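Below, chain A partners chain B and then partners chain C, in two separate complexes.
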Partner chain A sequence: MDKFILKYFNLIRTIIAVAIGITISVFIIYVMSETPGLTLRTFLLGPFLSKSRVANIIESASPVIFCGLAIAVAFQAEQFNIGAEGALFIGATVGTAFAVSTHLPIFIHIPLTLLVAGIVGACWSFIPGILKAKWEASELISSLMLNYVAYFLGLYLINYHFRDKGAGYLVSYKLPETAWLNQFIGGTRIHWGIILSLTFAFLVYYFLYHTTLGYEIRTTGFNLRFAKFGGINVFKIIILSQVISGFIAGLGGMTEVMGIHRRFNWQLSPGYGWDGIVVAIIGRNHPLLIIVASLFLSYLSIGGQVLNLLTDIPSEIIVVIQSIIILLITAEAFLSQWKYRITVREAAKKEVAYEPTS
Partner chain B sequence: MSPLLRSILSPEFGFAVLRVMTPLLFAALGVAISEMAGSINIALEGIMLVSAFTGVVVSAYTGSLVIALLAGLIAGIILAAMLGYFHLKLKADIILAAIALNMFASGITIFLTFIFAHDKGTTSSLRSLVFPDIHIPVIKSIPILGEILSGHNILTYGALLAVALYYIIIFKTPLGLRIRAVGQNPDAAESVGIDVNRIKLYALLLSGFFGAFGGLYLAMGYVSWFARDMTAGRGFIAIAITTLGGYLPIGTFLASLLFGTVNALAIYIASLQIPSEFVSLIPYLVTVIVLAVYSVQARRKKARKPTKAKEAV
Partner chain C sequence: MEKILEVKGILKIYPNGVIANKDVSVDIEKNTIHAIVGENGAGKTTLMKVIFGITQPQEGEVFYKGEKINLKSPHDAIEIGIGMVHQHLMLAPDLTTAENMVLGIEPLRGKIFLNIDKAFEVTKKVSQDYGFDIPIDKKIKDLPIGIRQRVEILKALFRNAELLILDEPTTFLTPQEIDVLFNTLKDLKNHGKTIIFISHKLKEVKQIADRITVMSDAKIVTTKEASELTEHDIAYLMVGRDISFERISPPEKMGKPLLSVQNISYINDENVKLLNNVSFDIRESEILGLAGVEGNGQSELIKIITGLLKASEGNIYIKGESIKGLSPRVIREMGIAHIPEDRMGYGVADKTSLEENFIVDRYYKSPFSKIFRLIWKYITNHSRKLIEQFKILTLSSKTTVSSLSGGNIQKVVVARELSSEHEILIAAQPTRGIDVGSEEHVHNLLKNTRDAGKAIFLISADLDEILKLSTRIIVIYNGEIVAEFTDVPKISGKYLGPYMLGVKKQEAAVG
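On to the complex of A and B.
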């Protein structure tokens, strides 16, 4: 048992953090709601109660996976570039503009639109990257500020140049059908973007853990000085990690437009970039764990939506849960005493075992 | 003279600058004092939110400004204490913990806004109080200066006093000396018996104290209600301000003044025929530009120093 705990300590710790977060929310619901039993059932089981809701979980996990991967690549290089939200927004707006104003056969239109969105996102993230690599300007602040700039710039682009005036509110023209990502399961909106996000997760995993460049990114993140002495071009890595991050985010935003809405319709910044930070932390920057974390997160947020619709508790409760979970996971000393005790016990056992031979 | 230029050169513009600068200055002082102790606090966004919300709700229910002020301050300081607890005691990365706390603050305030005001956007259905405006007797009657400096919300003057308070804390008290010592070299500070974590915690609590005023001003001076995410990135802009101001009282004040001017300009430009999106993005874009220019300068200075040292030898 002890060995098992030691081996999977991080995982167990994450699960405990999640459990605590949910427990606290259950407590809050119990205090706040007039019908706590119903509310709790709606919240925890609601997402599974119909086919369309289960599909919703999968649909809404897709952009979160993209953003989680984007954040993870930057975080692995210890770059606090939290500009996934901005890269996603600007990528999706320019991508929409491109898709709407071009007429191409489907097998070129789809990849080209995705590529445009990705490249725009990459260029966007290049700004904090170069500022950091060249002049040590905090990428945290610049990427954050650029999120706001991207939001307003994107809105301007849609509002003044690609707005569908026939619609009653601020949306772009509908994308031509050649730029649609097919929804391939009847009765749901599950589209090819989800397959793409999973593919990307495996690609990023392979990139980070099985290529030289990925190794250099992780080494730079682990110890910048060591990386420098080891002959790694840290300048390049700092920029590259953020550019890749922006590319993934921009592309991810576009899949959402092409697969779900088929036109640009975000009046508010959708917040996937922030969800990306959450899943990157829960998944410990590991691309495959990020898939799991994203599914979990969208389970929570669908639960929140159902809660909003059917009960007296607003959906923001899930933001509270998320933040508690992140706090506990990032708190390195959380449960470390427990781990220490088990390690000591294990070591003592080994000592006893060795004694007869000595 | 164009109408825009005329309105910018008017005393009203100077008045607007001070008005817009107030929350930025409070937040910047909050960032600066934690930065002095060597820990970057990006949770000012959350601190301001909880204080703003608490102030509004408490004032609506008690009808007392003093109690609302105290409650708002306590709320802000509690959030700062949570950051301190998770960072210093539980060894969480301070940036990630602060991101989480900002999320927490945003979520919990919207959640409670709905509970108290039955609306997810604002608390405008609550009858909350505002801090009073003050007309300064003598200055009021000076022609232009009076129009700029007099008639502000009491917290705007509070912000100016807070700069002085910050100066006194940092340079004139034993605590300030310790804060600076810890910020400059924690190991050296520890070697002379300073409890580094405790000093860092005090700095964070003071950070919450300053930030709380900023939040209170936003909801009970700038406007008279709480709106979701009403801080709109001011807590982050504050970080850029302090970077620019070098964490020093006067520097922080001048940098806040600069950002206040930019923000006020953005409001004034809105009267022109420019898409509102462009106007809205100005403060954020300027922050990036200022940060970039500052970093280039700082880097150049750094690069120049060693050669000078060589010459001296």
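On to the complex of A and C.
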């Protein structure tokens, strides 16, 4: 039993954290709500009770999966680049600018627009990468700051150069239909972007665990000195991991524009990059677990919206649950005493086993 | 004699499962300088952390002046009169000496503001009381390291420390500063203080200590009066056993030089010259042993040879080709394998599997990968073979390295390096901290490697190991090669000692 717990400790810890988060929110709902039974049912089951809500979960998971993957690639190399939000934003704005100013057949227009957005995102993340590799500037700080630069630069581009003056609010021109990602399930907004995000999750998984470059990224993350010792060019890896991260985020942002709104309409930073950090942490940087974490997060936030609509509980409760879960998962010390006791028990056992021979 | 501190039956296991102290008991007599010696990782620092309340043991008791104490934090320890000077000093660099001195127990003006005049006054008084000559109004960052250390000692004294723990205090000091420190410590003893002095430098220990405790492998080996032990004795006790001391037979014949180190000097960022004009060759079928007390430039020399550090001057040739400016990978491809001295720092990535650790130098080559795809099937088979061949105790090739014992982790490193295509092997501390059986195994592997015509550079703090394996021995002291011995069977560790400690020097061996 002890051995089993030690082996799957992280998974067990995550499940316990999620369970505690939900238990506490159930408790809060119970105390706050006039009709706790109905509220709880709405919160936990609500998201599944109609086709459009289930579709909503899937739709809103898509950009989060992209950002989660972006964050995970950087985090696997121990590069704390949290610039997915900025790369997504700048990728989506420049991608939009490209899409509305070109006329191409659909089978070129879609991939080329995605590629442009991805490359812009990659270039964006190259900045903290090179700053870290060359001058040891903290990528955490530089990528965070660059998020603001991306935001205002992107807004400038859209509002001053690509603004649709015919629309009653601040949005870009509508993309030509050749740059639309088709919504392929009637009555929902589920579009090809979600398929693309799932494909990317598998691609990133394959990349990280089955290619030489992925091995270099993970090894650098595990132990930078060991990687250097073994001959890995860690300078290259520090930059490349962040560039790849930016590419995924930029491309992911563009799918959202091409699949849902068909024009750029974010006047506020959409926050997918931050959710991406959350799911990367919950999914422990594993691409396939990130899909699960994104769907879970999406489920929670749709649950929150339904709560807001149908009951007396505000949707902010979701933020409370999220925060508790993140807090518990990231708090290294959470359950560490428990693990410590088991470790001591195991270590002491080994000692006894040695003793008779000495 | 009166005992100031008694430690009984300490067991300390860290959260990662490492047993750092086992059944550790020791008495510290009042008004003595008590040295605790042992290799890195022997458990000295852990024991001090227990005594100072930084960490709490699973089992065992500590008595201070006859009373059982139960320390929850260093604060508790300071309260009852125990002070500690850490290896890496704990002073606020932007504050003055006086401000550091009163940190946490500041004299106040109006119950809110620091009374700086009072701070200066008390600092002056306490430094005069103990005869310390320190500038009290200078910022710590502007003071040399030896003075900073005196401030830290004085800080402990100001808090009425009667028992003072110094953790490897000479690590960053020059010889002159060490002399000053030792005089200070003797003075403090005359003032009635008790000092625990942690070190792995035998010369210093003999010079300063009244009593000596030797630790090895998380346990106490012995505690004796300093006069009863010679440096050689201590060295033996530190290694923890009296191994059968049979030298391996010399190689039948040696070939051409494979590795040639020429006039290497290295000056670090702090402008300290750590290597001074080091030159030597190693030939086919030769094991060149580098003897020396740790910290005399060995680490830097190894890193320069393997491309992890750039030399300030000089050059290195592998089979006649210069390695100047080449990356560690290219140097490896030229035929170097490297067992690093810092096993956990450089030798493995302990959070991942044995398989991933085995391929760090070869994952990009066929058949480990094709184009860009890792061939896991082959890697797994390869790993299983290594596990079997090198008798590594592990559940499977997918097991995480951190769950292995120290000896088995070392075997992972040795297995990888010896199975790489190499002609020159840099073996640094190849058997540090591993059990006798594994040590024997590693020694045999090194001998076989030599007999296969390869050149081996053996760096070890363990003199017995050097004498047992080497075809030829050079001695390093303070970054210089001070002696060379070609007739290894005729010499003993006692003979090497004075060279290692810088007392003697062969003129011919230099330059």
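Observations on the structure shown:
Please note the rule applied: the second predicted complex is superposed on the first by the 324 of 358 C-alpha atoms of A that agree within 3 Å, B and C clash if a C-alpha of one lies under 4 Å from a C-alpha of the other, contacts with A are read in each partner's own complex, and residues count from 1 in each chain.
Quick note on the criterion: a contact is a pair of C-beta atoms (placed from the backbone, for glycine too) under 8 Å apart; a residue touches a chain by one contact, two chains touch by 3 or more.
These figures come from a predicted structure and were not determined experimentally.
In the superposition on chain A, A:N159 makes contact with chain B only, while chain C stays out of contact range. Contacts of A:L295 after superposition on the shared chain: neither chain B nor chain C is touched.
Of the two partner chains placed by the overlay, only chain C lies in contact with A:R225; chain B stays clear of it. In the superposition on chain A, A:F80 makes contact with chain B only, while chain C stays out of contact range. When the two complexes are overlaid on their common chain A, residue A:L44 makes contact with neither chain B nor chain C. By the touch criterion defined above, A:V344 lies against chain C but remains apart from chain B after alignment on the C-alpha atoms of chain A.
Contacts of A:H210 after superposition on the shared chain: chain C is touched, whereas chain B is not. In the superposition on chain A, the chain among chain B and chain C reaching more residues of chain A is B.
Legend: residue contacts after superposition of the two complexes on their common chain; A:L327 is shown touching chain B, with no touch to chain C.
Counting contacts by the rule stated earlier, residues 336 of chain A appear in both its interface with chain B and its interface with chain C.
By the touch criterion stated above, chain B contacts chain A in their complex at residues 42, 86, 89-93, 95-97, 99-101, 103-104, 106-108, 110-111, 114-115, 120, 233, 236-237, 239-240, 243, 275, 277-278, 280-281, 284-285, 287-288, 291-292, 294-296, 298-299. Contact residues on chain A toward chain B in their complex (touch as defined above): 32, 80, 82, 127, 131, 134-138, 140-142, 144-146, 148-149, 151-153, 155-156, 159-160, 274, 277-278, 281, 314, 316-320, 322-324, 326-327, 330-334, 336.
Contact residues on chain A toward chain C in their complex (touch as defined above): 210-215, 218-219, 222-223, 225-233, 336, 339-340, 343-344, 346-348, 351.
Listed in rising order, the residues of chain C touching chain A in the complex are 13, 15-19, 22, 58, 306, 308, 327-330, 332, 338, 340, 345-352, 356, 359-361, 363-364, 369, 372-374, 376.
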